[in-house]
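Paired with chain B in one complex and with chain C in the other, chain A is shared by the two complexes that follow.
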Partner chain A sequence: MKIIGNKITTNMSLFAFLGFLIIVFSFTSEHFLGYYNIISLLTNISYSGIAAIVLTLVMISRGLDISIGGVIGLTTVVVATLYSQPDPFPVWLILIIGLSTGTLVGLLNGWCIAVMDMDPIITTLGAMAITRGLAYVISDAQSILMFEETTDFISNGTIFYIPMPIILFLITALIFSIILHKSKFGRTIYAIGANEASAKLSGISVKPVKIILYVLSGLAASVSGIILIGQTSVGMPQHGLGTELEVITAVLLGGTALSGGKGTIYGTIAGVLILGVLFNGLTISGVRYVHLQIFQGILLLVAVATYEIKTRNEVAS
Partner chain B sequence: MWLKKLIYSDDIVGALGIFLVLLVLFFSIRTPHFFSLINFYSIIGNIPAMAILCLGLTFVVLVGDLDLSLGSILGITAILAVFFFKVMHFPLWLNLISCVIIGGFFGAFNGAVVTKIGINSIITTLGTMALIRGLTYWIAMDVDAMQVGRITDQAFLNFGRYYFPEKSRLIPITLVYIVILYGASALFLNHTSFGRQIYAVGSNEATARLAGINVKRVKFVCFIIAGMLSAFGGLVLVAQLGLGEAYTGQNMILEVITAVVLGGVLLTGGKGRLTGVIIAVLILGVIRNGMVHLEQVTDISVYWRDAAKGVVLLLAIGLYSFRKSFNAKRLRTRQ
Partner chain C sequence: MTSTLLKMSHICKSYPGVNAVDDVSIDLYAGEVLGLMGENGAGKSTLIKMLAGAEKIDSGEIYIDEKKVDINSPKASQDNGVSVIHQELITMDTLSVAENIFVGQLPVKKATKLIDWKAARKKSAEALALLHSEINPKSIVSSLSIYEKQIVEVAKAIHKNAKVVVMDEPTAALSEKDSKALFTVIKSLKKQGVGIIYISHRIEEVFQISDRITVMRDGKFIGTKPTKGTDQKEIISMMIGRELNQFFPEIKSEKKGVMMKVSDLNINGIIENISFEVKKGEILGLFGLVGSGCLNIARALIGADDIDQGEFHINGKKTSIKNPKNALKNKIGFIPIDRKNEGLTLDFSVKQNLTLQCIDQLGSGFIIQKSIENSIAEKWVKKLDIKTPNIEVKVKNLSGGNQQKIVLGKTLETNPEILVIVEPTRGIDVGTKMDIYKMLENLCKNGVAIVLVSTDVPEILSISNRVLVISNGKIRKEFKKGEANQQELLHEASLN
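Showing the complex of A and B:
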């Protein structure tokens, strides 16, 4: 009972902080709560939010995926290059190839980490260099224009006045919160993250689970890449540069521990929203972009320090 | 026998050295201009900031932590050096000393958060990385240094461009810095009691604490050393380039981590030699330089260098974990 209580209060305090931010910004800027701003805010966070939700699972299993930004860049380049060929494949095939790009990278990551027992940080660091390098090689460091109806719909289309990226984000959040919080597979992830050796001893086949998680993470990054290509109408190797750090920050803000075994999808959604509201609110209130990073850094440190102190008090009591 | 030792021993330095030689041979055979004195000087001239940053990170990794903010510390040093020079009109020595002290201050901040509050070092430095970069842009905007960040003072430029003996173009001063810093650090790590404490803390924190080592102080000092070295690297880079920009050193840290890991320093701490680190820095430098030469004679795009870097890293770490499991198996069969 107490564990459940703690989980609720962590998420509650995150959403309370989110509410506080929203109230502050609605005073500092009259446009903050306008319809168009809210829609643009939510659309902007969906893109990194999808990657963040899947990364939550990876981080709960005590892994990390730094290759997200590289996969995003590679996906946009692969899709745009295939589309700009003189005799291109049909669009659905191009999109499938784009999605399988991330899946393949995820498979490589998962195989190295689970089977070869390599360190997740280093492995995905290498994968990041490889994907980013391949993106530069394929595109020859050029931006490739891509005006196409399907990708445009994925990024800018609406269903019942709700933009597609938001719908995709919500669907991803729903699917993965069910997987993580309601399924046997979800419990397995927590078990692996909390103690891999004892998970193995209690009969969980750790390796396939880990591989699946990294494959999903790569796939999610590819989805982000396809959304990005629709939003910008261009595939370029610099796409997604630094996204991995943004995504990791959001997940950590949401209360997922880097040491594994702890974290929720709701927390990550709150983390993504807090980062998005903070950036949007500060920008709309006239704070220059360069100052945003300072706030981001302070926010991350304060949030994690709070968790740390809270955990220590729990242990002490 | 030596081959067996090379493959199965835990020491990665020999294998790295052979790989470096093979790389140099490969580029020398395939391209006409790679194997020349001028080009070697150009490779050496491109690595000092990298090498110094890697040295700083090695200290932190040896105690089992990670510092992602070193690139940002290098960046803020670059802007501050210009700021002190252009706006405050500091003399050179004061400029250098204040920059290194400020770098040490940022390192101390990291160290304090990690040791006093107890936050994981990756998260801490992820935060301070953004924080310091934000401060850098702030300063750069207020002094307008992004536009006028050029340094014209010859004394400052000589800090990174001087040659020994003068006007001979024989030994660049940056090479002297690298040799002195690496040499001093190797002596410090291997032959002082504090250096051995660094290894002890990294290999097993609990044991080190039981042996009476002040673990928190050792970690704290390592973060300070890393910060000061990064600041020094930033100063060298500013002097070499003749300008400082707010985005100097952005995205540099990932390459630094690559080099340190490739050099055989264990991310879990307690293991690693500076010889390996400097060879890894050279390997990355040779790849970066050699790919440009290779592009001129073949169709291979120069952008393969990033992919090549990643592959080398994965291979190195893959070989390492393969060796680890192989040795464990061999040990088991012996018992």
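Showing the complex of A and C:
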């Protein structure tokens, strides 16, 4: 019972904080609780939310992926460049190539980390620089316009009045919460993150699991990239700049432990919502973007500090 | 006559479910070596941790130079002149010898307040000279041998004017020559009036170097004898304190054909040409002191460590064991030495731990079927009498004995035909030990072949059908059941 109790209180306090933010912003701005603002808020968080959901799995396995932003940028550039060729491939093929971009980066990350035993932070930091750099090289540091029906539908279309990005986010959340919380594969992710030595001795193949997780993380970043193209009608190397920080903050806020083995999809959804509400609320209350970054940094530190304090209390008791 | 340097009086320390140290008193005189002996789990390490300030004392007092001191942190311990040289050396390998000796207290130049390297090196050389050592203070510690690192630790103690030096298994990883050199160092420390507590399993060594011997058992003080007035037999019986058979079930089982054959197993520099067979229904014991290579053999059998050479035949068929997953496929189960870090996932529930090795069997598809998971967990909780409020409790909240039963259950769920077990009863209570022995007996009756690695002398002698004594990575001797007594076993194991 105690375990369930803890889980509830962790998520409860997150949602309580979310409620608190919503109440505060409903006073500071009359538009905050308006229909259009809520839809726009949810649409805006969806693209980074998808990456955050998948990163949750990576972080539970005691990994990290900071190449997310770079992969987003590279994907938008690859897709837009291919589309702007005089005689372009069909759109479905272009999108598959776009998704393969992140998948390939993820595969390389996973190989370095799982097989070569390289540090996840450094490996994906390198991948971040490489992908961002490639995006600049391919695009010649230019923005590439892309008006196209399919990407437009993915980003701006609706089904039953619900914008597509929100639907994609919800589907991703559903799929990955089943994988993480109900499947055999999900159990091995927790086992690896909680105690890799014991997982190995229990006959779990640690390396393939890790590789799959980084591949999924890269793929998710590419999906985010494709959504971003539709939203902005442009592929550019600066797309996704700083998204990794946003995504990592959301996952940590959601209660996933940097030390692995702990975390939930529900928590990450709460983290994504808190970050989205905070940004949206502050923006429409007149706070400038440059100041938002400070809030984000503070939130990241608060999330980690809360975790450390909680762990210390657990050890003490 | 020399004065009492250190007195630990009526020290108690308990952890949940265990009285690790129970009303233990020892004293140490200036210029003497006190051998501290006891089996694994006797409470020696806990006692020393309290002296070192790494663990808090529940009750009892410590006196240094007949003055009561309050040791509540490693710093307080050092300030009171205590220096502990741990078995796992804690030198700072990337720094120089001088930096290690002066850790945190490097001399500074008066005028500039910058580090005075010349003085640091000179003083380091002086401390090393007292130990007849010619290690260059400029050397980086990682380039030194284990013996030289130990000398650096001793020099550090001298530099801090340590009055009490504790050495925990200092010779475990040393060659005979280095051990002799270390004894010379200990003798020169004695001459300087330092009191030394010397912990070792190597009984001959303790007799060679110590003035008195204190024996602990099951957390209790058993007695202190002047080394000259006792013999190895007396000390061993004090350490063990129980007769064989008194407590171990007679494991009777029919031994059938050869289950597993290991030939020419080699790991460079660690184990050499290890060959043996284990039959169905047999318990084969592997006995060796710390660092003998027993543990490496066990890990090689389940593919946890890479081997350089060697062949395995299971049921007469040549088999390669590449990793633990592979071992499981070949029906080899494993109970590792370190229950908390290798055997269990502490943050997982009882249920999740019990089903970790058989995740694939938890339902036919992708999803874990809760009913299967629950029934497997309930089955083992009942079968092994695991005391837990329910199967959702995290295993870190259970006692050591119940944790060990979970490790056992988790492995048995895979129906192993060969079971490799390391220290299955370390640090657990007598009742649980009995349960585990009974379980092993049942397994033997069902034709499981068991390879048991244990440093618990009565245990290994009583429950194994055969014991291989390992020392320095080689098989030194084979004893059939009843052929060897405890002294002989320890004697063989301590030969190089």
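Everything that follows uses one rule, which is that the second predicted complex is superposed on the first by the 316 of 317 C-alpha atoms of A that agree within 3 Å, B and C clash if a C-alpha of one lies under 4 Å from a C-alpha of the other, contacts with A are read in each partner's own complex, and residues count from 1 in each chain.
What we mean here is this: contacts are C-beta pairs under 8 Å (C-beta built on N, C-alpha and C of every residue); 3 or more make two chains touch, one makes a residue touch a chain.
Keep in mind it's a predicted model, so treat the numbers as computed, not measured.
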| item | value |
| --- | --- |
| Which superposed partner A:Thr249 touches (first chain B, second chain C, both, neither) | first |
| Partner chain(s) touched by A:His31 [first = chain B, second = chain C, both, neither] | neither |
| Contact breadth on chain A, by residue count: chain C or chain B | B |
| Which of chain B and chain C A:Leu241 touches, first, second, both or neither | first |
| Contact residues common to both interfaces of chain A (with chain B and with chain C) | none |
| Residue numbers on chain B that touch chain A, as the complex places them | 66, 113, 117-120, 122-124, 126-135, 137-138, 141, 246, 251, 254, 257-258, 261, 267, 301, 303-311, 313-314, 317-318, 321-322, 324-325 |
| In the complex, chain C residues that touch chain A | 302, 304, 323-325, 327-328, 334, 336, 341-349, 352, 356-357, 359-360, 362-363, 366-368, 392-394, 410, 414 |
| Sites on chain A touched by chain C in the complex | 1-4, 178, 182-185, 187-188, 190-191, 194-195, 197-205, 261-262 |
| Residues of chain A that touch chain B when the two form their complex | 66, 112, 116-119, 121-123, 125-134, 136-137, 140-141, 241-242, 245, 248-249, 252, 258-259, 288, 290-298, 300-301, 304-305, 308-309, 312 |
